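Here subunit A shows up in two complexes: once beside subunit B, once beside subunit C.
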Partner chain A sequence: METKALIGEKDNSNWRELKNKLFFGTVVVLATLTISPILLIVYTLLSKGLKQINFDFFLKVAPDTLQAMTAVRNGEIIPGGIANGITGTLFMVLIASLMAIPVSIVIGIFLYENQGKKYANLIRSLTDILQGVPSVVLGLIAYIWIVQGVTKGFSALAGSVALAIMMLPLIIRSTEETMKMIPISIKEAGAALGVPYHKIILRVMIPSGFSGLMTGILLSISRVLGETAPLMLTTLGSTTVNFNITKPTSAVPLQIWEFYNNPNMIDLVWSSSLFLMAFVLTLNIIAKRISMRYS
Partner chain B sequence: MNEQMLQVSNPILSIIDLSISYGEDKYAVKDVTADVKRNAITAIMGPSGCGKSTLLRAINRMHELYPNIHTKGGIKLNGDSIYEMSTTKLRRKIGMVFQRPNPFPTMSIYENVIAGYDLNGSKLKKSEKDEIVESSLTDVGLLDEVRDSLNKKGNFLSGGQQQRLCIARTLAFKPDVILMDEPTSALDPLSTAKIEDLLVELKEHYSIILVTHNMSQAARISDNAMFMYLGELVEYDKTKKMFTNPRDSRTEGYLTGKFG
Partner chain C sequence: MASEKIIKNLLKASSVIILLIFAGMAYSMIKGAIPAFKEFGLFGFIFSTDWNPTEGNESYGALPFVAGTVITSLLALVICFPLAFSTSLFIAEYYRKTKIATMLSTLVDLLAGVPSIVYGLWGFYTIRPLIAELGYSGQGYGIFTSGLILAIMIIPYATSISNEIISMVPTELKEAAYSLGATRMEVIFNVILPNARSGLVAGYILALGRALGETMAVTMLIGNANIIPTGLFSPGNTMASVIANQFGEADGLKLSSLIAIGLLLFAVTAAVNAIGKVIIRKYA
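Here is the complex of A and B:
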């Protein structure tokens, strides 16, 4: 080729092309290996869990052992569902959100407004540490604080507190990052109109960063939806639908654990897992959509 | 006052021995004294970092948002010291337009224009709001262009239209003074020309202080001009006089392109 003649290069283009292809092939193989677990998980859950998914699954509480055993023996699908778990999960996540979201957003804005200041840096580091605390430890703490201290027994409140503590660092950091993305000129526009500081934050900054805040909140919710260990230590579980904050409550991950321990209900393990994963996945997709739509 | 500087009778704004420093003794603005003429465009020119933006921001006290700022001296608006007013009141009287158009992204065009009232919690009747929005948009020549999309968000507007929207937002308060921090530096030449024409129209009712990097812009539209260098006000004179016969060699050097 002409260019080669010009730069006086030896004709080794075949070897270079081969190297390129080898490298490309390796990358494709490794990338496929990376995504194969998720594909296998989805396949397993669908093949084993789908047959249990029906209206009853969402509307009825978990069956007792006898019902399950009878159904398994007759080769029928197991009656009942996970209504107590779904309602419990939604109830506790709702309460956890009510506790965690306002506090985290305020702290996140504080960190954004005080970049480089010592106290803010300290809080930021502590937030990072909190994010690293194992969830079972948070469960223990909630057990001491709430189960022993407040409700004198396993309760939805204790579970919510444990989940709320887990949500804090996630929302705090996403709030701070979101605020950093908003052009400073928007804030200045507010200040130049003589708008007081708190109103600039509430009516200019937070609406401008709404999609970012929403994304952070949804991701933090999807993060705690599947938490099992802290709930075992705090809400214990329940065979009925419960909306009393001081009473033990069920949750989907807790039910998966209970089903797992009962040989007759093994099919429900798969369907509950399928539901939980679909739920988390949906939240993640919505979060991604929101952040794409408004960025 | 330095006799060589421009003397203005009945000034709208008097800057008196104003010094602004960051930290210990890094002065952004040093001993600036100047009177600003009513219903005129006063340009502030100078190379980057000469303190012109800081001086401009001191006039509506936006510079107080920077950390570690020290201000000495004073500024009087129609004879009243601005450091004795609340910033809310002051910024109603002294509006500001920024380098890049910065309409509030979450608000409609209508809401943007009325934002100054809404965000400050003024309770206006719908008819009063309509009137303010209409007259402000008319003043900046934007009403016909956006009449059908007043309730849409402003992000489909061109940069020049957005900047005019920001000017309308400032005009909504009927301020005494409008501060402009290089309002056309992010715009194309056509939009720039429109904004320049607008400023010349606006000076009938408002006093405008314009920071600009663009010497020819200052020459085209300003009545008076300040030249700042390293925080000092080097020269302040009628624009024509300064461009044809500058008194100070630094001004001449800057205007002839020797530095800056």
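Here is the complex of A and C:
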């Protein structure tokens, strides 16, 4: 095809050169267009949310509608903050991590140790499918299991279970990938010295893969921090700070949803979104730093 | 050695947790969905367009939500493709291994870190008024607005795989084409695309899987009308967003219907993801 074009009688190299340039221009324009949303989002959040960020924002619970309305009418910033959401998010993510991290690391090591075996391949495929399950479906599951079955009402535990199921596949796969990167000679050196198998795992594999494991854990936490839908179905939200796992609890994304539905609290929407995004991105950047420093 | 055996069995036992979660999910959802399937019939439920919560007259069907989900996700894929493909070419071909490519890919990675609800807010306050201004739909809600936001949300998933696939195309093949006098664009279309095709397809299928299950951003932008969308700017509803929207006041038959929709969504996303994974494993 190409050769025909080249040996043809008519010289169309000018046209081909022009097409080439036009295509390159299109690629550059579209690539620029692709990254513009992230810049616009960050700009919007900063320009609209920064004015509400102060000490009270982190230390006080959300105001009621009347307080917010009065403040908006007088042209002041809305009093109060998102302390109930911040504590709730941290609390639920902590419980979810306690449930998900140890189990996922063990399963990840199991997958690494059983490369190519049928049963391990099945587990790996199921893990991949679990990673693709929409978060709102996991919310439904946690509702059926925990809200209906255990706590008989919306609870922090139900939210944590939904988040934990989301974290599992992410940490399992990152553990397996990390283990694959560790040179096998290190393992063999341990075995040659007569070190028992469990000590090789605890003293050799996990320490030498530590940065990889950390990266996976941090990325999985940053993924679940912003989840809203599963929490709407499981923890409902709360106007006070709560550390009881059987009671409804607030979370930052849930508060954003509440503020969004309340026309008096619009200013708080932007500041809490700004906070949530800064939190998520900071974790992301730390995770990338760790993985870059050690790899 | 005894301790070795214990550890091996412990590792194996831990993997059972995944099986249990899966079996438990399937069991709970099917059990929860049975009342709805019994009342309306499996196909009656899937293909009915009714959504009437009036007591004594209750009737629920999934078709408007299935249609909404499929249409918004495919639209997102169509909008996403030129953007993601250009970005991949920029990062993995034109400016391969340069500082500007690293910068671009970092920014694209950041897109993946933005929470769904923040996309929803941004779409609600910037994209929606823009579409209303253009006069396509009164309030700016609808299929197109949601599809556009979904497209932005799935770009990082589409590019992450295609970057890798494009950079894996052997340099000798490209150089051979250049030596025949091919332009860069001809190399892209005649060498890179045929070599990377299956990997690209798999990447976009996985991105589609993401789009199908997105909840919050779509809920905030689609207009939440329980009808089959009539056009590009018509309001509608998706499977994920109807669950999030109607769950609050749901019990009895309505709750069962929502769980049934969740089950459908689970089956569809699992199938789409499995297809994507199979293609990746086969060709990449």
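The rule is short, and it goes like this: the second predicted complex is superposed on the first by the 267 of 295 C-alpha atoms of A that agree within 3 Å, B and C clash if a C-alpha of one lies under 4 Å from a C-alpha of the other, contacts with A are read in each partner's own complex, and residues count from 1 in each chain.
In this text, a contact is a pair of C-beta atoms (placed from the backbone, for glycine too) under 8 Å apart; a residue touches a chain by one contact, two chains touch by 3 or more.
As the structure is a prediction and not an experimental result, all values here were calculated from the model.
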Legend entry - Partner chain in contact with A:Ile109 - subunit B first, subunit C second, else both or neither: second
Inset, instruction - Based on the superposed arrangement, let me know which partner A:Val204 touches: subunit B (first), subunit C (second), both, or neither? - result: first
Legend entry - Which superposed partner A:Met214 touches (first subunit B, second subunit C, both, neither): neither
Inset, instruction - For A:Leu193, select first, second, both or neither according to whether it touches subunit B, subunit C, the two together, or no partner. - result: first
Inset, instruction - Could you tell me if A:Val150 is touching subunit B, subunit C, both of them or neither one (first, second, both, neither)? - result: neither
Inset, instruction - State whether A:Leu140 touches subunit B only (first), subunit C only (second), both chains, or neither. - result: second
Inset, instruction - Considering only the touch criterion stated at the top, classify A:Ser185 as touching first (subunit B), second (subunit C), both, or neither. - result: first
Legend entry - When both partners are placed on the shared chain, which of subunit B and subunit C touches more of subunit A: C
Legend entry - subunit B versus subunit C as contact partner of A:Ile123, first or second or both or neither: second
Inset, instruction - Starting from the residues of subunit A touching subunit B, keep only those that also touch subunit C in the other complex, and list them. - result: 196
Legend entry - Partner subunit A, residues of subunit B touching it in the complex: 60, 62, 65, 87-92, 95-96, 98-100, 102-106, 115-116, 119-121, 166, 169-170, 173
Inset, instruction - Over in the complex, which subunit A residues touch subunit C? Could you list them? - result: 1-3, 6, 16-17, 19-20, 23-24, 26-31, 33-35, 37-41, 44-45, 103, 106-107, 109-111, 113, 119-120, 123, 125-137, 139-141, 144-145, 165, 168, 172, 196-198, 201, 222, 225-229, 232-233, 253, 256-257, 260, 269-270, 273, 276-277, 280-281, 284
Inset, instruction - Using the touch rule from the top, collect the residues of subunit C that touch subunit A in their complex. - result: 1, 3-4, 6-8, 10-12, 14-15, 17-19, 21-22, 24-25, 28-29, 32, 82-84, 86-87, 89-91, 94, 104, 107-111, 113-122, 124-126, 152, 155, 177, 180-186, 188, 190, 206, 209-210, 212-216, 220, 240, 243-244, 247-248, 258-259, 262, 265-266, 269-270, 272-274, 277
Inset, instruction - Within their complex, state which residues of subunit A touch subunit B. - result: 183, 185-186, 188-196, 199-200, 203-204, 207-208, 210
